[in-house]
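Sharing a structure with you now.
A, B, C, D and E label the chains in the order they appear, each numbered from 1.
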Amino acid sequence: MLEVLIFATLNGLVTGFLLFMLASGLTLIFSMMGVLNFAHASFYMLGAYFAYSLSLYFGFWTGLIFAPLIVGVLGALVERYGLRKVHQSGHVAELVFTFGLAFLIEEAVQFFWGRDTKNYQTPEILDFPLFTLLGQEFSAYRGFMMAISIGIFIALYYVLTKSRVGIIIQAAITHPQTVANLGHNVPLIFMGVFGVGTALAGVAGVIAGPVLTTFPGMAAVLGSIVFVIVVIGGLGSLAGAFIASLLIGLLQSYAIASDVGMPDLLDLLGLSFARDHPLNDLWTINLPQIAPVLPFLLLVLVLIFRPTGLLGKREE
Amino acid sequence: MTLLRKSSIWIVFVVALFGLPQIFDSILAISILNQMAIAIVFALSYNMLLGQGGMLSFGHAVYFGLGGFLSVHALILIEFETMVFSILWIPLIGGLFGLLAGIFIGSFSTRKAGTVFAMISLGMGELIAASSLIFSSFFGGEAGISGDRTFGPLFFGFDFAQNIEIYYLAAVWVFIATLFMYLFTQTPAGRMANAVRDNPERAEFIGYSARKVRFISFCAAGLFAGIAGGLFALNYEFITEENLNAATSGRVLLMAYIGGLGYFIGPIIGAVVLTLMNSLLSNYSELWMLYLGIMFLLTVMFLPRGFAGFIMMHQMAWVRGNMKMLVKPYIVTGIPALLFAVCVIVLIEMSHSDEETFHFLGMTLEPSSSITWIVLIAIAGAAFYAVRRSRAQLLDAWETANAAPKEEQS
Amino acid sequence: MAILSLKNVQKNFGITEIIRGVSLDIIEGEKHAIIGPNGAGKSTLFHLISGRYKLTAGSIRFKTEQIENKPPYEIARMGLARSFQVTNIFPRMNVFENVRCALFWSKGYRYSFWNLLGRQHELNDEAMQVLEQIGLCDKAMFPSGELAYAQQRALELGIAIASGAELIMLDEPVAGMSHSEAENAVELIRKITEGKTLIMVEHDMNIVFDVADRISVLVYGEIIATDKPADIRANPKVQEAYLGEVRSA
Amino acid sequence: MLKVNDLHAFYGKSHILQGVDFHVGEGEIVSLLGRNGVGRSTTVKTIMGEVAPQGSIEFKGQQIAGKKSFEIAHLGLGYVPENRDIFPSLTVRQNLVLGMKSNKPQGRWNIEEMFNMFPNLGERADVHGGALSGGEQQMLCMCRTLMGDPDMIMIDEPTEGLAPKIVEQLAALLQEIAKRGVAILLVEQKLSIALKISHRLYVMGHGKIVYEGTPDSLLLADAVKAEWLEV
Amino acid sequence: LGSILSFGGASQAQEPVRIAFMDPLSGTFASIGNSGLKILEFAADYLYNSRGGILGGRMIEIVSLDNKQSPNETQLQFRRAVSEGIQIIFQGNSSAVASTLSQTISRHNRRNPGQEVLQLNYAAVDPILTEENCSFWHFRFDAHANMKLNVLTDYIAQNPEIKKMYIIGQDYSFGQVVSDTSIALLKQKRPDIEIVGNEFHPIGQVKDFTPYVTKIVSSGADAVITGNFGADMVSLARSIIDSGLDIPIYTFYAAYDGITATLGEDGKDRIRLIHNEYANPVPTEERREFNRAFKAANPNNDVTQPRIVNALQMLVTAMEQSQSTDPYDLAIALEDMRFTTLSGEEVWMRADDHQIFQGLHVSVHTDEGIEFDGDNSGFGLFTEYNVPADETIVETSCQMTRPRR
């Protein structure tokens, strides 16, 4: 039992940190630039695929460096030649644009890399168990994932608090012209931020690719969960996103690990229903079954009782 | 006069609704028309939220789906004669349930608009989609549930076994729904919905609770989405989880947006266009999704107010009788644009297909020989350049065509 | 009998006290001006009365009811209309719609989704009359968001007065208007507040002194004087707190 | 400092500026007067690159027509817009910080000084800009521009919505600013302050400069006042 | 529009026999659908069109219809097929889709006599399709889940090392069938085997299988049964392998379309697969030639589902026998048909429920003795355990309603 708990926690943290890598980018793009970027997870997928191709020739580490760069540049280009034009016609326009983009990227990936799952492997160096606890291995690679994620958090946090980028973006969303009049090159900043955001998604892809398997559907799997995190964390709050990521990671992993469900509850209450009871489905639900939707439940609850999210200041 | 003009649009609408199946009577055509009918009601109902109420919803399929499920259950009840009434009223059942769902969810989700609303709708959408898989005794799991519409009392001897019969039934419902949704925009509630969309705070200072105004449009949207769901149930006689999941919600958003949120007919256009693309494109190319994606991007970038907006852009020119000014520039720009598109498509398709000869619009090309590629790319480049060059003139022509004639200017 | 009476109204934002116990009676039918230095709390006071902010302490009675805890829309329904210092209209709707929406509730349409507006002739006529008064008839079908600044101010005024409320509160109604426009606006204000009660905030002393029956001077969240214009002008406290030596430019 | 020659500007097809000529010297206070809608704001916006200019605009001997707004700002030209574009979601301090062109404070002004000059702002340093009173917003807007350490500022109707007392303070402040060698182009309707502080002034009518002179000369030119100014 | 809607069918002396292939050709599941399509098209050309066609010179034309593995799309595509006048539909992926299609077809055939449509199901293995919901118009050319599990559990039962079994599957009908049946069967055959886990996870929504694997490990299981397919299969297998757990994994779909390549070395001798037809070694020359020819034509694909070929061959046989392409005649001809496949094995289509019976095999994922590998990875399936057709026969509860003619 104990080791289940311990490993559930570890797994939860790993998932959480991974989610944060994605969320960090989206926090920049969605909660600061206000762009509902539905293609974010697609950039994550691109990261994985580029890294895969690079790793075939130059090995994993080259992929880790260059794949995010490529993705970032792509992102910047998208901002420059697409979003910027769309931006004037409002959030919904951006949303639909990124919808289309997500479509496009998924199809493009299938077009260039085919539809099969790709054999993208973790690097040899990290291919050993970091520690073995009660007969279970915890691979070094997962440790590495955590490290990177924490690194990103610290770096971003520093940049956003120490530099004025954060507030410039915030101001420029509503008053671009005024900010320009004060001598800031707004378009460049937006392009940069979007680039960095997508690059971060790329990093997440590079790192998640080997563990979560690299296949055309990998974006869809994470698609909306990232938004959930950013919103639960609270718009504009990096720390919020961080906490939310871990929260959701742990929530899901505990839910899966636990074997409790309605039946246990009913036993507790001393109730029991016939198998042909109309609500039989309800009486037989158990937590692992509904683990994947718990985040959305959390989302709805948070928004109902705390519309600004956990650490959110800004409310739109 | 204005009355005549207004009603004339409706007459056209009716004629279209009931005339089209006369012209396009193949089974496929009817099936497509049926899809359109459903999509139109659904998209219009979505626009009540987003276009008129300023509420961006990622979960609108929920009301469509629930309405549909209830309707199929109704069909089953009719089949086993637990209930006896004509299937004419099935859409109403769907609508009522959509309304109920709207009242329930709206009661807490319409408190705020903007991101909060959007995300609650996303969450609820996912939750309900997920639970629909869990409660398989009601929702029938991933295989869904199915009924049979041919039971129940006949309607003037029709048992609605054939899709064409269902289409006419649907057409009637579409007309009614559309009419009512239009009328809604002409009522105080409808107008206040716009006001709240624009400036909820101010609305409160002229006596209206923004939340309640939103709630009303939200419920109305639920009702009509449910009706659409009912029509779906009648048409396909079955329904599955995918009819209330995020993908469906996304599709209706795209329909409404591409069509043009700002205009009542926008969603109708969007519904028609997307349905057509969906059913025609998909069987000509494996890559149709790719093209669909590209089309979205281009539409959003170059027609920010959707197709309807694009049409409306010519209203002035039309009124002023300046349309002829536009003909030439449109041709000048249009032809190379078309050429460019074709070339690109051919290039994509060619690089995708692994046959050694490649047939397109009657021509035969060898993907193997590099000349083919060079030529195509060259043409594409030239065409693109031509478009870039002529675009300025087009815009200019358009400006002048829309500008007031000299004497009006002051 | 006072139509509106504030008793020891206070408002803090966090620790900063903005309104420090204002008590004020507005007599039915009077034109009451509130002046004071920037940041004195005039707009905040308006927000408190109209229900945009909740008070920290004190009570407000409008007509016969206590309104301190009511939401804005209920207060508005009781017949209290206000304008905003920062233009606050429905930008994507046309000018006519803006005004007509302001009329709905007072005309008893409430949330109705059954009467068609096309049919409500006297409502529409009334809206057009308001447009005439604020001189925006020619712009009736023009998207209000694209009006020039001064015209938007006029519309702001129009929305406030349309419903024909008994108590009208105007926050710097003529700010940003040119003299001629301002004069028209003042005329308009006079006309439509015939037999109604008016509270207004204004920095242009000429206007204040020729419109107001009584003037209250708000300084740092406290009312230091409420009196007839002449006496206010003479009041030394007011002069050093607000007017400075330029009596009236 | 600033030299504008035969400046034209359009909104869509409507010809707003129809050949504007004027100049502003080092450390000079110049007022641009005129009725509503004659195009004063447009003039300033055009100089700042918000509206596409046609004609010549020289700043510090450099042609700036057609440059991007932020480039112009970097050359040392500041602009205080008429509709108080403060950033509502940012605190007063952040608003000021945004005014600076580089992260480290430099030049003639620093935040503390500003707060001394406007105690209202000082007290509210950490309040959201949106919460400020109309007047405070106006002041904040000007301070923010000054934080960028411009050599010349263009102020569009700063006195709007200011209490008479504050207007006086403002006049004093403007003179103080000018003393520190910052040229000022003041766009106004209120004659009073303009006459009080400006060295020279222009009167604008229908997209052209219709009168140039000094305050004293303007006071005498009744015809001009009657036709182009409302007094 | 009407003209756009109709395909420009190649005009030959005799108009071709048009057969629809309806499976996901775009989207996430596309790879499976596409490989199936390639096999069918190749088989049609290689076996018939290149040899003068069927029914005295008529060509077979395969019309591909993309249903994106969605019941909705299936409906639309079905209507398209009907309006094309197509009367034979190959379909395989997802039992949900299969049953939707089956219902739709029965309904359609009942309402439109003379325009009947025939459904040839080559892969959807939910037993229900040939049990309660069996239909006269539906024929299944794959062994259904219970038959496969029956064999699989026999095989497991032979392995004395296995004491604790963990069952994990996608939370939908097939996954549930797998879990229920295997539990029941193991109880009969090896009462001593303890079921230490019976887990369901949502299809395609699991980001990371580690939490599940953690449970498997801590349950002390020494074998796993799963009905997962696609990415869920790969991720599950990889997580198990990564966690350093070395136990056999018994599967249905853990091969080809990238899976074999991805599992590669790590999966060697761990992954076992239950399937019909043959893997390696290949029994007959005919099949060997066929595979070679296919590989030559489609270097990047494998003959993943030989049963498609069988289905086509049996269909054509039925046509030749009845000298007709009318679904009713074909159905009658197919009933009770005994047919010898390219692998030299005689298969039997039972008339009562339209379920095929043929030998079943358990094969292991390895790179030894592999003649035809998967994904050109050098790895492939090597058959370890064979059960002849007659031993796979199970009763059916099907009460089929046969239309009058």
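The definition used in the following text is that a contact is a pair of C-beta atoms (placed from the backbone, for glycine too) under 8 Å apart; a residue touches a chain by one contact, two chains touch by 3 or more.
Note that the coordinates shown come from a computational prediction; the quantities given were computed from them, not determined experimentally.
Undergrad: State the smallest step count from subunit C to subunit E, taking one step as a move to a touching chain.
TA: Shortest path length, in steps: 2.
Undergrad: Report the chain whose CA-based centre is farthest from the CA-based centre of subunit B.
TA: D
Undergrad: Quick one: point me to the chain whose Cα centre is farthest from that of subunit C.
TA: Measuring from the centre of subunit C, the most distant chain centre belongs to E.
Undergrad: How far is the middle of subunit D from the middle of subunit E, if each middle is the mean of its Cα atoms, in Å?
TA: Distance between chain centres: 77 Å.
Undergrad: So how far apart, in whole Å, are subunit A and subunit B when each is placed at the average of its C-alpha atoms?
TA: 30
Undergrad: State, to the nearest whole Å, the distance from the C-alpha centre of subunit B to the C-alpha centre of subunit C.
TA: From the centre of subunit B to the centre of subunit C is 44 Å.
Undergrad: Could you put a whole-Å number on the gap between the CA centroids of subunit A and subunit C?
TA: Inter-chain centre distance comes to 49 Å.
Undergrad: Hey, what residues on subunit A touch two or more of the other chains?
TA: Where subunit A meets two or more other chains at a single residue, that happens at 289, 292.
Undergrad: Indicate the residues of subunit C shared as contacts by at least two other chains.
TA: Not one residue of subunit C touches more than one other chain, so the list is empty.
Undergrad: For the complex, which residues does subunit C have touching subunit D?
TA: By the definition above, subunit C touches subunit D via 13, 16, 35-44, 85-86, 148-150, 172, 175-181, 203, 205, 241-246, 249.
Undergrad: Subunit B touches which residues of subunit E in the complex?
TA: Residues of subunit E touching subunit B: 1-2, 4-6, 25-27, 30, 65-66, 70-72, 75-76, 79-80, 82-84, 94-96, 99-100, 103-104, 107, 111, 171-173, 202-203.
Undergrad: Considering only the defined contacts, which subunit A positions touch subunit E in the complex?
TA: Those in contact with subunit E are residues 3-4, 7-8, 11-12, 14-15, 18, 110, 114-119, 129, 132, 134-137, 139, 211-213, 215-218, 220-222, 225, 252-253, 256-257, 288-289, 292.
Undergrad: What does subunit B use to touch subunit E in their complex?
TA: 23-24, 26-29, 31, 35, 130, 133, 141-144, 146, 148, 150, 161-163, 236-238, 240, 242-243, 279-280, 282-283, 286-289
Undergrad: Quick one: which bits of subunit C touch subunit B in the complex? Just the residue numbers, please.
TA: 50, 52, 71-73, 76-77, 81-82, 84, 88-93, 97, 100-102, 104-106, 109-118, 159, 163
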